[in-house]
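Think of it as A, B, C and D in the order they're written, each chain with its own count starting at 1.
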Amino acid sequence: MNERSPIQVTIYNEFVHERKDEKVQAVYPDGIHETIAGFLRQQPDMQVRTATLDQPQHGLSEEVVASTDVMLWWGHMAHGQVEDEVVERVHAAVLGGMGLIALHSAHYSKIFKKLMGTACGLVWREANEKERLWVVNPSHPIADGIDRYFEIPQTEMYGEYFDIPDPDELVFISWFQGGEVFRSGCAWRRGKGWVFYFRPGHETLPIYHQPEVQRVIINAVRWAAAGGRATVTGIESAPNVRISPEGVRQID
Amino acid sequence: MNERSPIQVTIYNEFVHERKDEKVQAVYPDGIHETIAGFLRQQPDMQVRTATLDQPQHGLSEEVVASTDVMLWWGHMAHGQVEDEVVERVHAAVLGGMGLIALHSAHYSKIFKKLMGTACGLVWREANEKERLWVVNPSHPIADGIDRYFEIPQTEMYGEYFDIPDPDELVFISWFQGGEVFRSGCAWRRGKGWVFYFRPGHETLPIYHQPEVQRVIINAVRWAAAGGRATVTGIESAPNVRISPEGVRQID
Amino acid sequence: MNERSPIQVTIYNEFVHERKDEKVQAVYPDGIHETIAGFLRQQPDMQVRTATLDQPQHGLSEEVVASTDVMLWWGHMAHGQVEDEVVERVHAAVLGGMGLIALHSAHYSKIFKKLMGTACGLVWREANEKERLWVVNPSHPIADGIDRYFEIPQTEMYGEYFDIPDPDELVFISWFQGGEVFRSGCAWRRGKGWVFYFRPGHETLPIYHQPEVQRVIINAVRWAAAGGRATVTGIESAPNVRISPEGVRQID
Amino acid sequence: MNERSPIQVTIYNEFVHERKDEKVQAVYPDGIHETIAGFLRQQPDMQVRTATLDQPQHGLSEEVVASTDVMLWWGHMAHGQVEDEVVERVHAAVLGGMGLIALHSAHYSKIFKKLMGTACGLVWREANEKERLWVVNPSHPIADGIDRYFEIPQTEMYGEYFDIPDPDELVFISWFQGGEVFRSGCAWRRGKGWVFYFRPGHETLPIYHQPEVQRVIINAVRWAAAGGRATVTGIESAPNVRISPEGVRQID
């Protein structure tokens, strides 16, 4: 129980904005993935790799995916460029127990939409307004270290209706200065995999440098590692089974 | 409230077994879709059409789908032959408010898997054993007319683990003589659409002739019609919105 | 299906403020219960009675409770004066299928806390600020007639953390001008009974005169009537059962 | 993260059967609580105490409850003898973050019914029949170490309808030889506390000596310890709050 091997984390970032736009470079000079990797690498129980769109198979080869416990996903402009074959691979890995943390505009990524089964639309506005994330599930491990709420001083707004299946667990609801609310921290189980959507993040605002945001992401990685420990076997298939002589079922 | 227009029902059946196999013909001489259509047509609040795989666009043209309130789906051998374009059309219709009732082996249909986001596997056995469906949500409209349980004398077994997202509402749990259990009546909302999975049914057993099974399907059609009455607009899109002068959000 | 008998509605109001405080009288001259009764009585499918704290058994005798399909509950200052015997009676009725709609400060009523099993605390502020109720479950019958959100111009604030069990269905989330959010429309099933908590309402503000608020309450009454139609028997007891000769369970 | 202090476990047992009935003594010579304590004491991360009905305050004084992380509850014949004051104390502790594991006939204990808000009835039969517990949530920590199902060779039957609120997480569904099913492993959050109901157990059958049953209980203790780590403050109260000068809420 206490001596698990480190959590193998892979951070996918499309890494497009950061090379094109000076404003993004100023905030995330090595890319959003490297900022996130930076604070995750300081956790003694995590080992961290990164992957980007321009790499072969977007850095998400069979070997990488098979050896990942928790994947983080950031995408925005280039969702459509992610190859379907890679999406299928990541999807199968989640069902098999890999954790997935979808960040901010990853609500519109192929992998998130495939896991949700819905269109995942929302309303949005860029006005650098204030956001407050309220805890509505106070003993959830992902809220560990957070009191009643925390604030992001300047943010892009995402508003309801957010077209997702009802979360299995709703952890945060955001308040925005301009008048909207949003289910900002949502958890689901899909197959054996544990999935978390976390709203905060923006390419031109230093949101991933904020300690509370980092804390939530660190918590989420630890939480999402749970699926990989599942001991139930064979759920990917649809086996034909028979009744054993004494009326007991056996898998053939 | 009391004078709604009739529920427009479309029953899709792949209609393959019934033409190939005498045993199936003996039970469902005009196809499973016509047996189901038969008892639904006796409901004064329903108007019923059918669609089959061999028709152009599988009988599910834009006009048909757009004018359907609730669709029932039966498929077994030929899931792979359903065109992706039709699946996309039905999926969009569900998100927009059309009800969908997936029957028995439709757990493995493209449309059901797309709505669930999981692999939808299960274990199974054909031993003509007894099944009991226990009500675990006694005031659910879909259980109307059923007491604590009902029995199917001979059935194909479907067993857990059933790889689905946790249902929003679990209505029936099945017991099987050979030792398995199954979440046999499961409800979800996806977008504005209400989705129900109902396990009973088999091509060579007269399950759709059984009054309790018919009752549940009739209830489910009425229940699933709810999504189409939704008055919230624009959830399919991701609109950019602005803050109005007095601090009030408006959709542009 | 179409010709149900009218829904028997009973509105409980402690009716204390309205007799003591001129400001409350100005807004609700005959009591909050009469304002609510007024718009419910205009519904052809509803028959409406009222009950107040000062009546014998608070107007909630066995006969009244037994003949009620849906009860609305308003209380604020005098929760502690409601007799436990009456609370037990209402509780048993809910488990047996009576609907219950808890309004505003009824979050702290004995009956609501007993049904929830939690302390039902929240934070609050009286600053006559603006509230917006966002629909997060767009096809829910209780949101019928509402578009993406509606506004209450001046309201008392209720904020998270609201100490309730996770709702079975979350329909509305409120945004408040001062910086809070709140789960303002929450649905649960308890036994056969359907329970809805609806946050808006205040004794000195004309909130129950507002058309959108009235619409939601009317919808909620129709929705909550469902439990009374349940056909499953005997769930109040814990019967001993035996195995019948042919291996079939029977209730003795 | 890795070096938590031990989980403080308190096992309550009414300890009535074991002193009256030789058959119970033969299976649980020192009482059911000591059998459970025995396997929990072998866990290096747990410290275990016991409490019984006949002790002052049933062994559940303020000091004991305040220093408990997870409480297990066994009761059967003597639910009515548990003092309401102790029930209130345990209830408040659960809302404040203490875990509670209700075993078998504890479904009818005062504390479980108070947390659920329902009558918690079920059907039952003593026929020493076979039970199978099927995993329906394969990556849940409480199912760790279990494959698709496990069997109890001889058991008392508990059947649906089990009158509980829909579980937040359903982990096990039981199959019984005589024809029933039961939601046998159910999890809820109440306040900050995590609650688990686990069906297996009987006073005259050696169920708590069975390794799989012990494994589930050990898992459940670790899982239920989570609530005590919550960092959100003040949810027990209903504080009045004000808007700060810069439009920011503060708790007074």
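To be clear about the criterion, a residue touches a chain if its C-beta (ideal position, glycine included) is under 8 Å from a C-beta of that chain, and two chains touch if they have at least 3 such contacts.
Being a predicted model, the structure only gives us computed values, none of them experimental.
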{"item": "A-B or A-C - the one linked by more C-beta pairs in contact", "value": "A-B"}
{"item": "Centroid comparison with chain D (C-alpha atoms), farthest chain", "value": "B"}
{"item": "Between chain A and chain C, centroid-to-centroid distance (C-alpha), Å", "value": "37"}
{"item": "Mean-CA-position distance for chain B and chain A (Å)", "value": "31"}
{"item": "Shared-contact residues (touching 2 or more other chains) in chain B", "value": "135, 137-138, 148, 159, 161, 166, 168-169, 179-180, 189, 191, 232, 235, 247-248, 251"}
{"item": "Complex contacts: residues of chain C adjacent to chain B", "value": "1-3, 45, 97, 135, 137-139, 141, 143-148, 151, 168-169, 177, 189, 191-194, 222, 226-227, 229-235, 248, 251"}
{"item": "Of all residues in chain D, those that touch chain C in their complex", "value": "95, 108, 114-119, 121-125, 127, 129, 157, 159, 161, 163, 165-166, 168, 178-180, 188-191, 232, 235-243, 247-249, 251"}
{"item": "Partner chain D, residues of chain B touching it in the complex", "value": "132, 134-138, 148-149, 159-162, 166, 169-170, 173-176, 179-181, 183"}
